[in-house]
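Structures follow.
Next come two complexes built around chain A: one with chain B, the other with chain C.
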Partner chain A sequence: MPTGEPPKLVLPGQTAPTANQQLHIANAGGTVQRTVTVAPKRTDPGFYKRLITQLNPLRQSTRAAMAISGIGVAALALDVAATLNLGNPFLFYDRREQWKEMSGLLEGTRSDLWRSYFDDISPNWKGDAVEKLQEYVRFNVNGLYSQLGKVSDEMSGAMHGQYKEVLEYDLSVFGLYATSAPMLRSVAAMSAHPVGKVALMTQVGLFMSATGNLIKQFADVYNSYEGDLNKLELKLNDLRGAFFRSGNPAMGARDLHLTPNIEDPAMMDDYWVPVSRDAS
Partner chain B sequence: MDASATGVNTLKEATPRFEGWSLAPLAGVPIVGLMFVNRFNTITDTWKDSAGILSEVLHTDSGKVSRAAENYAAAARAGTVK
Partner chain C sequence: MRHVDAFSAGRLDDVAGLLRETDGWARAVTEAVGELEEERLAGADPSGTVRAEVSGAGRLRTLSIDPRGLRALDHVQLARAVREAIVAAHLAMDERLTEVVQTLTRRPSDTTVPADPLAGHIRDVLRGE
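Let's turn to the complex of A and B:
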């Protein structure tokens, strides 16, 4: 872009702006009010895809060795179990970030509401409306926001835990295959000789126990998410209790609304009294 | 208030579930993870419903407050404010 020229304007309805493009928000007169930088949407860096592509040839030679060794079926079952447990860490990373952003935005909208009450309404008015609104903001809406916030925070944490475990497991499986495949391949080449066959069976046995251990450890670690999930479900109960009648979604939402009296013209004199009234 | 409602509603629309292609074997969720997926989705769905309720509450009530302000302004113009 030549210097001195303004950045390209992106209008709503046009194609979505790409990474780090600037969006200018103008008023009716065409003057730019503020500029927003559009954050790029997270894209999958392709770790998982590359992992699978690189793992497949290694699996081929390992499987061939297993078949020759004569303990192929059991080893094959482990091989399948190990690879089915591979996961795409990006899936969890993305969700971790998403929940975190949601938590942040939620807190932002909560603060907006809180500030607009305490900055605009409470210093300028007295009367019933101010009290009703204060109750509404402090005890009703604020509570709802914090219940939602707790769950989304916890979700982000749980997703991070899964991200870490999945990534570690992926790397261990890959490491195991990458180290054993060449060895198994060379031992398999010698398997015509009885001694070579014994060596192969030993190697396949070693590989099997290493894989078996890995799968078991991963399943154990993953099952310990039961604890995380339990914490989440406890918070979910609080959330349900706050939003639904008797905490049961089937019974419908609670009536969380502000009293309609606040807009009743007949009751206006009680509800809306300017603070300056005393002075006058 | 209405802005807060819109904010919450946007969040509600963006709630990340686990579904579709990511549940196929080898597509991303490890096979031991599949037994947890439903429970995570339950949490996500409840969160989404609750955010929907909050957004609806804020939306309706912001209407009440702005109508109250209009009523007051109308009364002030008419000179009936005591």
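Let's turn to the complex of A and C:
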């Protein structure tokens, strides 16, 4: 394996894949061993648009019934709040997948580096480079990558939670409108008669309390996720300490790089001593 | 109702405040409708022979016929007089209902459907922005 040439190292970060590209994984000799295609950007399946398209006519007839009831002012405001809070679950799904991929990529890269050090470098080489690299792999890469991976995992989990809640809320709102709109429409049609008007007022009241409950539940869920995100933010702040001096980006990044001497041909004899030369 | 007005204009505002206001509003409406249901609203035919009383929810509670007026009415006219008395009672109920709604909303009754403040938002979503 040793040829007298220091191995070319492909360090993580130098080959940061951008979306929709191929990632070449090279061995220590610089030859491409396998090619990974980074999944192209996911496309929105259009759930949210379809939801809004189908919800809007139901909203319009519901709004008309609310206005006819004469007491619809608060119900109309709730309609706006409920509709504005509808979210596109795909956004959270997409982020969940992004964080998951990032976590996988981090772990994969960490493992690659770890293995290539212990499989290729430490059994075959002696000298300063081996120590420097070991230090680098153990302290800089392993610890930091694990921390980054952990945060990515939790982010992915949080995004999944949000995705589920947003989807559930969307479907509940749609369900509520889909069941109430026909009833409100027919009661509103009878509201020329005072008895019909009282019935309409009662129905609008029922719709109002159902919508209010939904919004309240969603607000509670939202608040609890705020708490989760806050915890993640604290963890990210901890990570800052690992990457920046005093954890303050304004004070500059910590020096996490390998010494350039490792690739310097003039210092090769000190840094790269093949195990076999010593033995002979 | 500050938050209600903000949301009605399509502005995002304090949701907790909105829920508080709508809760209060729903309670006020239920109470007013409840009180109205307890009321009795009366109406009579033009001759005053038949008198009807309906509850605030429109249910017929009493129907009284003055025997002195009966002599002038045959069975068809009596039926019409009963119908007229009930319609008159319902009209009285309608007036009372309008009054109750006006007291609640503190503004003249208005049943026009306001323009959807989210029309622009929905157009943007459907256009994909």
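Note that in this section the second predicted complex is superposed on the first by the 224 of 280 C-alpha atoms of A that agree within 3 Å, B and C clash if a C-alpha of one lies under 4 Å from a C-alpha of the other, contacts with A are read in each partner's own complex, and residues count from 1 in each chain.
We adopt the following convention: a contact is a pair of C-beta atoms (placed from the backbone, for glycine too) under 8 Å apart; a residue touches a chain by one contact, two chains touch by 3 or more.
Fair warning: this is a prediction, and the values are worked out from it, not measured in the lab.
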| item | value |
| --- | --- |
| When chain B and chain C are modelled together on chain A, clash or fit | fit |
| Partner chain(s) touched by A:207 [first = chain B, second = chain C, both, neither] | neither |
| Touching partner for A:48 - first (chain B), second (chain C), both, neither | both |
| First, second, both or neither for A:163, with chain B first and chain C second | neither |
| First (chain B), second (chain C), both or neither touched by A:177 | neither |
| Which superposed partner A:271 touches (first chain B, second chain C, both, neither) | first |
| Contacts of A:93 with chain B and chain C, given as first, second, both or neither | neither |
| Partner chain(s) touched by A:249 [first = chain B, second = chain C, both, neither] | first |
| Which of chain B and chain C A:232 touches, first, second, both or neither | first |
| Chain B versus chain C as contact partner of A:198, first or second or both or neither | second |
| Partner contacting more residues of chain A (chain B vs chain C) | B |
| After fitting on chain A: smallest Cα gap, chain B-chain C, Å | 5 |
| Intersection of chain A interface sets (partners chain B, chain C) | 48, 52, 81, 83-85, 219 |
| Residue ranges of chain B in contact with chain A within the complex | 1, 3-4, 7-8, 10-11, 14-16, 18, 22, 25-33, 36, 39-40, 42-44, 46-47, 49-51, 53-54, 57-58, 60-61, 64-65, 67-68, 71-72, 75, 81-82 |
| List of chain A residues in touch with chain C within their complex | 48-49, 52-53, 56, 59-60, 63-64, 67-71, 73-78, 80-81, 83-85, 193-195, 197-198, 201-202, 205, 208-209, 212, 215-216, 219 |
| Chain A to chain B touching residues, read off their complex | 48, 52, 81, 83-88, 90-91, 94-95, 98-99, 102, 105-106, 108-110, 112-113, 116, 129, 133, 136, 141, 144-145, 147-148, 151-152, 155, 158, 162, 166, 169, 218-219, 222-223, 225, 229, 232-233, 236, 239-240, 242-243, 249, 253, 256-258, 260, 262-263, 265, 268-269, 271-272 |
| Chain C residues touching chain A - in the complex, by the definition given at the top | 1, 3-8, 10, 12, 15-16, 18-19, 21-23, 25-26, 29-30, 33, 36, 56-58, 90-91, 93-94, 97-98, 101, 104-105, 109-114, 116-118, 121-122, 125-126, 128 |
